[in-house]
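The structures considered in this document are given below.
The same chain A turns up in both complexes below, where it pairs with chain B and then with chain C.
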Partner chain A sequence: MPDGGTMVIEKKSGIYLCEGCGIADAIDVDALEALATGDLKTPHCKRHAAYCSAEGVAEIAADVKNGDVNQVLIAACSPRVMTDRFNFPGAQIIRANMREQVIWSHPPGEEDTNMLAADQLRIAVAQAGQFSPPEPHAEAEVAGALLLVVGGGVTGLTAALEAAHTGAEVILVEKTDTLGGWTRKWSRLLPERPPYRDPQPNDIADLIAAVEGDKAITVMTNTLVTSTAGGPGAFDVTLTQNGKNQSQSVGAIVVATGWRPYDPSLLEGLGYGASPDVVSDIEFEEILSSGEMKRKSNGDALNTVAFIISGDSDRMPYSSGLSDRIVIKQALQLLEAVPEAMIYVMHEDLRAHGMAEEFYRQAQEAGIIFQNGVVKSVGADLTITLEDRLIGEDVPMSGFDMVVLSTGMVPNSTNVDLEPAAKGADQLVDDVNPLAALLAAAKAGDGEEKAEEAPAPDTSEEADQDGANGEAAMPGGPILNLQYRQGPHLPVLANGYADSHFICFPYETRRTGIYTCGPVRRAMSVAEARQDAQGAVLKAFQAMRAADKAVSVHPRVGDLSYPEFGLDICTKCRRCTVECPFGAIDEMEDGYPVLNPTRCRRCGTCMGACPVRTINFKNYNISMITDMIKAVDVPDEFAEKPRILVFACENDAYPALDMAGINRHQLTPYVRILPVRCLGSVSATWVSTALESGYDGIMLLGCKSGDDYQCHFVKGSAIAQERMESVGATLESMMLEKERVRTEEVSIADSARVTALLNDYADEIKAIGYNPFKGF
Partner chain B sequence: MTAALPETAENRYDLGFARWVRDNVEGGDKLSLCMQCGACSGSCPIGTQMDHGPRKIIAMIRAGMKDEVLSSNTLWNCTSCYRCTVRCPRGIPVTSIIQDLAAKAVEFGYADKKENALFAKSFWWSTSAFGRTDERLVTARYYFSLGFLEGIRRGLANLKIALGMVRTGRMHLGMPHKIKDIKGLTAILARAAEIEAEEANDEL
Partner chain C sequence: MTDGAPKSQTIAVVGGGIAGITAALEAAEMGYDVVLLEKGPSLGGRVTRLNRYFPKLCHPTCGLEINYQRIKKNPRIKLMTMSEVQGVTGVRGDYLLTVRKTPRFVNANCTACGACAQAAETEIDNSFNYGMDKVKVAYLPHEHAFPMRYIISPEVIGTPEADKIKESCKYNAVELDQQEETFDLNAGAIIWATGWRPYDASKLDVYGYDSSPDIITNVEMERLAAHDGPTDGKIIRPSDGEPAKRVAMIQCAGSRDVNHLPYCSMICCLASLKHAAYVREQYPDAEVDIYYIDIRAHDKMSSFYERVRNDPGINFIKSKPGHIVVGEDGRPLVCGEQIIEREIYQRPYDLVVLATGMEPSRAPGADQPVDVEQDEHGFLIPAVGNDGGQFSAGVAGGPFDVALSTQSATAAALKAIQAVRAG
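Entry: the complex of A and B
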């Protein structure tokens, strides 16, 4: 039980048994009332036909107002619904899920169903016993709405302008001496408005002028961010302009460092360098801008030109649908300048998504020929050998005046102009792979071995490719140089994209209050980058506002609780500081952990990590779940009713179980489900408590882990799996079957699968037999 | 007159041919619209009798396979049923391309010894001379264009059928039937030739 040293208010619990939605028809509410007032010692127990009705809500509100109760235990529907109705300021709300996970997923009137309902009530009462209202952490200092935008390309410019329009002061930092980035070089842009058929004029100059004319934006060119400390609301950054340092406190940071072109000479066999007339798309853009449509070798006119799209990811890891749209744009521009030109586009798959289909069709109607096949080689005489799958033979095509190679955008998630940070390389590697932090943790204390394992910073592309496996570092130094225990870099995804999860949680990095947008996140066009900038700015505003109120950002939006460390028994094992998915916990000089509360996302991974159980939240802690586990009435083995404990992640698994009830999938009566914030917060002690309490099996239901993870806290489920593997070994040493503890990954849409999973597991546990510790 | 065919280098592939088709063949400017879906080949009732289906012919034009396209029997076995043209999702006049390629094949000597081409010539001779096809004369002209002895041989081989048709009134004896206004037809064809020549000159 955490002791925050705050005023202790006497707990006055009231149990409210709802009879609506068929609950009273399916289970014995009289028995529940007798249990509440009897064994559970809660004399204040009421019943109502529908507590969500105006009458029912008024009844509870009156009890709270009169001071009769300050803990409201509602045994009704899932805690995920009716949250707006069951919201009584001044009282803590505890919900027992009697509808979705009892009456809707179990047969009415049966003994097993009534036992389950009784256990749900016992669990809620146990939870209430260890539940204190969270209070805001005191340390938060807030800098106000000052936003730092890193990168002065089209993304950064848009972000700065959007933020200024939304009411923030902005500092826009650019590495070079001019604003506009790569976009300044483009002759024309991809179409972004109906009818999506023609390249449109480049209006970057207007955007630059708007930013330079905005009084709320301070533009700093020739500037690098050389140090970033603190957290959301009050990042302490050092900006270095022409060798001069300037300290600044900012509320949030938007990273829009963009991209750099893929090196075309790495495109094996495509002839780059063999002839001056083999050019990259970037170089061809210069030709288009100059208006001189001539061969580089001898100045002849461009009459027959081939564009090569190498969609083969082995050859070209950064090729994307964007590359294909750029080829279409350039081909159309060339045709406009040289109407008689014969233009071929050699492609494997043409990825013209969405409205780009119109653009593709425009190119075909204009006469550009799209030839499907794999380019095997490009000779010095510009002969392209195409493995034409539609003719079924290798076709040597000659007579081209120029060959244009489509390249791709490599994200600038590091600053390639800088030397790799001395401390950074290995720690960046650790963060490339969500599991790596665990490996590092396993090796902690063995400094020598760790140093050996840190790979030498490699030449760019090789390292980029390896990044997908999380084995090698990105080249270059850090962009923000974070003064975090987990290193100076922003963690990256496969291929070096700086992000957290580009579909589920766009813009979010694994460092709270720092948001990425534009091509540093994924390859995108100018129009897409502009939209992206808007999204990241809104995220930054959310972070600043949340810091202001001392509450959490996504996914536990508005959560006031935060982990509290009982340093008196802390062994300085550093697991919490290493495993925190968001780098929220630093180490003090004496080795004790110290929380940066505004960085914290409240997942509880530190709580699950702590071997001495001294990290706890006011409303979510080790003792609370322990009591909830023990609250369940586990029958002895002669009753022939096994008990299976399920820790269900509240983000996907628990909603999937609710959905199973809504769909009326029937669940085995033997499971007891406890929601957890993240599998990462599951402490190994809970597993041993459960086994000691006589449960026959334990299942952890969490989100997908790995490279394409869906864990809402990035690596919580991966960490849980790692921990449970070692639990499995312990079980075997105790002569228990390791099948008694299992981890499964489910998605929110898995309502049918999750039911089958639990029902099958119940059968398996029955086959294995009862827990020998039962009854001891 | 059509613009001269590009000189093919030693290899079978010449991009100049694709450009030539684009500029000189009816419907050739629609070549780039083809997305190689194969609806044309799938619809073709005599695709199995062709060296290459219409889809592949278009792919081969793009790859510059001049000799193989122009000497392919596809151009001659096409019955002009127009299913390919009707079904093409991209609105490519496949039949027109194939027919015009056949004409170009004749023009550039790719069809000198092709029976289909010889038959087509006989057919056209009768049609333009009488405004009708006279089975006797078309057949005779076609057989003898294969050579004198071959003409005799084929004529004899079909004699029994011919006599049977005369007996049942399916083939008449005497002068070939003509349409009423043969002068009008001749004028139309002369004007068409004039227009074609003008267009060819414009393109050059």
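Entry: the complex of A and C
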């Protein structure tokens, strides 16, 4: 794996100093040129009034074409801009940010500004020294466009059909003996089309027929996925049908396992179980389907019926608002069947979003009585006590023939048939709690601070359990039975929804190549689930394509780099396998880590985790950042110029710093900023390197952690915080103030705040005094 | 399926907001050529003008930054700003789009150095901030603009100031003689991601939007709270700049109203919960009243609703105010009858926020080039079984939140790929 067949090409660096956008007015470019050709030993150094101009680009392109340079170091604007211009095939591009983070955020002409500019150039040269062009990982065996769809309800059926229409072969597995899922049970569906006023016919039979008639789709009923190994491009799945196992290699997986009804007996005090005439909405749908509009207790006609939408907050995420629309549908259907019926809907907030307002209006116009209030109780005689919010008191209401309780959709993110959950999925916790696993690993293993001495292989039981951490908290069996180091479940968010960055990137899954859609992701209607299936299918195709090309999927789309593991010095400490946010690293039988490259998202969390620094990317590695840290010319104490090293997440913190420059916010001259892929990739050894190199303070800038995490690699800040806490302990043992290392969460919109944060930190560091190791 | 192979494998995406960006990227990352057409000077549409998203209270620029990086890396996406589709002819697999490109007066040489803005003197309303402040006549649309390129407003063209602006540019980026042009382009499929606009609050005459600067809309509230907005994120009374500590949110300002927007706009309840959170975060002693009919916290948003509801500084008042007037002290007075308490109220506020709804950017009309079924409001009906070559993404297809927009955009990308894929 490492270095196999790599051609070593001699590095020929060229430095291109841009003078545009006021750079030459603000800093001493002559001095930079002298630095480049002198100390930095790069005789090929040119300057131009504007390298992004056609002539500037042509100059660089000619040098690349002539073979004069194969590493282009451009000291100009931020690496976030002009990427289309500064793109020279055949050459590696290194950017030194002289504009946004130097001249736009520091006063022109000053010594400090020139020192910063010189350091930016030194850092770029150091980066170039350890930068190799990434090469694709060894070709994985790719299964071709074969997609596994798990779940034969409306979402899964749609996914299968859409995938087939896009050119894939599909295996559709369904654990029961019939297709159609819950949708089959609906007598009619919610309106999807103007005028949005009437329940519409259920066309699930047509969809089932289309799937069954499609030659590209193999339907397997009575089938469970009993094992899933491998990765995108070539998942090895075991499908168990009627006790018989079948192995199959599939390119990607769409999980459409749907939902199950919220248990109505959990709606305390609402009479479920006390009378056969208190039914759930699911049971009422059966009554509608049967056409027999009768009381369950005595067969009398349904003349007066109450629907109750409870605002019970435990149930809320499952009831969504979809349940309210279902109540409207059922009330309208009941009225159609029994035109003289008196129908009440008791609710708090009536949630009929968007065009469903017309549906609500239809129900009101049809004479259905909507009563605003909180239902306190339902008696065995169907007496309802309503806290009527209009008159402000409890009102007993009686004479009902039936009470229908609106429930909600609990996501099937686990296979409940294997071990029924006592309560709704609200018992589910974030299954593979990354921090819990991390803490267990930290407790079991050596602290990061001892990274210099390789920790002994850790085989304690505690460590053995950390991968399984949280498994016990997941009721029911796993759906895919992932044969991953981090356990068999798909990670879920609060309330058991199998989802991640559900606002911006609804399919940014935490298990690469596996995409959830439909009500397993959030409560949704049939129409919404069909659309969701289409989205998930597209992402599945992308994952197969990326595997085929050996590149990453979202968010580092197209990234060819991947972590390489130097197993010769690996101590089998397992931190990389535990911390990988995407479950990309497994353990071999002998305890060594093994990367599943097509699962990898290239965040570098494994690199940051490794205490012996043996996990590295060709173009992003421990030595590279170490050299960049050391490249900075740290003045001695007598110069009275402290130095603060900043590791800035390139997704949010680094752009925020650029925008601080765009807004001309003035930044302390003492900071030196290094962009990192994710704070999760920051190695504790970089911190010790920085302290040894005489930096006075180190700040890590990452994204928000916690339940509403914003990290695109899930837990970068959280991991960094953990690692730095152990670093803090080491600092104290070295008689160094723990304030010298700090982790902060910032957002991309924090351009003003991040400036203040760094300026304040500089003041604080000055107050603490200089790093006593400076100069040693 | 189609008769023969599609003539063009290119997918045209119309509209560069979150839905258009998502659709364009998802298709391009499947290896298809995409033309992304945006009528404004930069991408991001409505979301880039939001301060934060509900329910996570995270910043839209975070996701946009990732998306812009994806666009920069993907040569298959051809981005055309200042470009609006005028007409479409053809069929699935073979469309011809007529595009009108309005002049930016700044070409691709622009380095975004900002010298032109320094040279400019005239100020115009800043449309990014809904006219709540001014920008120079040569300006960067906003700090996170992509492409990061200045624009010169047509007002200044033909004046000596324009010449001064041109002279200030060292990179020959200013082209004062740019003319509007019309060109054609081929595509095999079209994704309409034309988005929405806020319902015109001036039409709600009982709410006095035009009578006081302290009666604003929800989209203006986003700018007021945004760090790059007209007040650097300080929530103040626009009339005098004093902190806005007594704030009213008026739900369904136009929505759920047969005289205005008969439908529910879906996002306004959550947006107002978020706005209440902004105010409370900024001023611990502030009090916010939310006047509502029903709080419609859809999907997973109910926990966010719970969180806001548990804040003692935020009151939920079930009432649709009858009217809003300016009181004797100049403060807006919200007047109406409280449904539950049966109480007539008349309360003064520092700031009143009208939770106006969404209507489609493209008004319903006969001269639409769009060949997708529409409802009476002009929303495109996102039919699952659509087997044509035109699809809707995002709010063009109905009042959606961002999560639903990105979901529908990804689905639209798949349908467009099905329309253009050969064989």
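Annotations for the structure displayed:
To be clear about the criterion, the second predicted complex is superposed on the first by the 703 of 776 C-alpha atoms of A that agree within 3 Å, B and C clash if a C-alpha of one lies under 4 Å from a C-alpha of the other, contacts with A are read in each partner's own complex, and residues count from 1 in each chain.
Note that in this section a residue touches a chain if its C-beta (ideal position, glycine included) is under 8 Å from a C-beta of that chain, and two chains touch if they have at least 3 such contacts.
From a predicted model like this one, the values you see are computed outputs, not experimental measurements.
By the touch criterion stated above, A:16 is placed in contact with neither chain B nor chain C.
In the superposed model, A:484 makes contact with neither chain B nor chain C. Look at A:663: by the touch rule set out above, it reaches chain C but stays clear of chain B.
Once chain A of one complex is fitted onto chain A of the other, the partner contacts of A:770 are absent, as it touches neither chain B nor chain C. Looking at the superposition, the partner that touches the larger set of chain A residues, chain B or chain C, turns out to be C.
Applying the stated contact rule after C-alpha superposition, one finds that A:371 touches chain B and leaves chain C untouched. In the superposed model, A:503 lies in contact with chain C only, and not with chain B. Within the superposed three-chain model, A:397 lies in touch with chain B and out of touch with chain C [touch as defined at top]. In the superposed model, A:165 lies in contact with chain C only, and not with chain B.
Look at A:750: by the touch rule set out above, it reaches chain C but stays clear of chain B.
Overlap of the chain B and chain C interfaces on chain A comprises residues 372, 390.
Of all the residues in chain C, the ones that touch chain A in their complex are 18, 26, 29-31, 51-53, 55-63, 65-67, 69-70, 72-74, 109, 111-113, 140, 143-144, 148, 170-171, 226-228, 232, 256, 262-266, 294-300, 302-303, 305-306, 318, 339-341, 375-376, 381-384, 398-400, 402-404, 406-408, 410-411, 413-415, 417-418, 421, 423. Remark: chain A residues 304, 342, 344, 363-372, 386, 388, 390-391, 395-400 touch chain B in the complex.
The touching residues of chain A, when paired with chain C in their complex, are 20-22, 49-50, 52-53, 77, 80-84, 158, 162, 165-167, 192-194, 313, 316-317, 319-321, 349-358, 361, 372, 389-390, 392, 493-495, 497, 501-507, 522-524, 527-528, 530-532, 534-535, 537-539, 541-542, 545, 554-555, 557-558, 651-652, 655, 659, 662-663, 703-704, 708, 710, 712, 747-753.
Across the interface of their complex, chain A is touched by residues 9, 11, 13-16, 18-19, 22, 29, 31-33, 35-36, 55-56, 59-60, 62-65, 90 of chain B.
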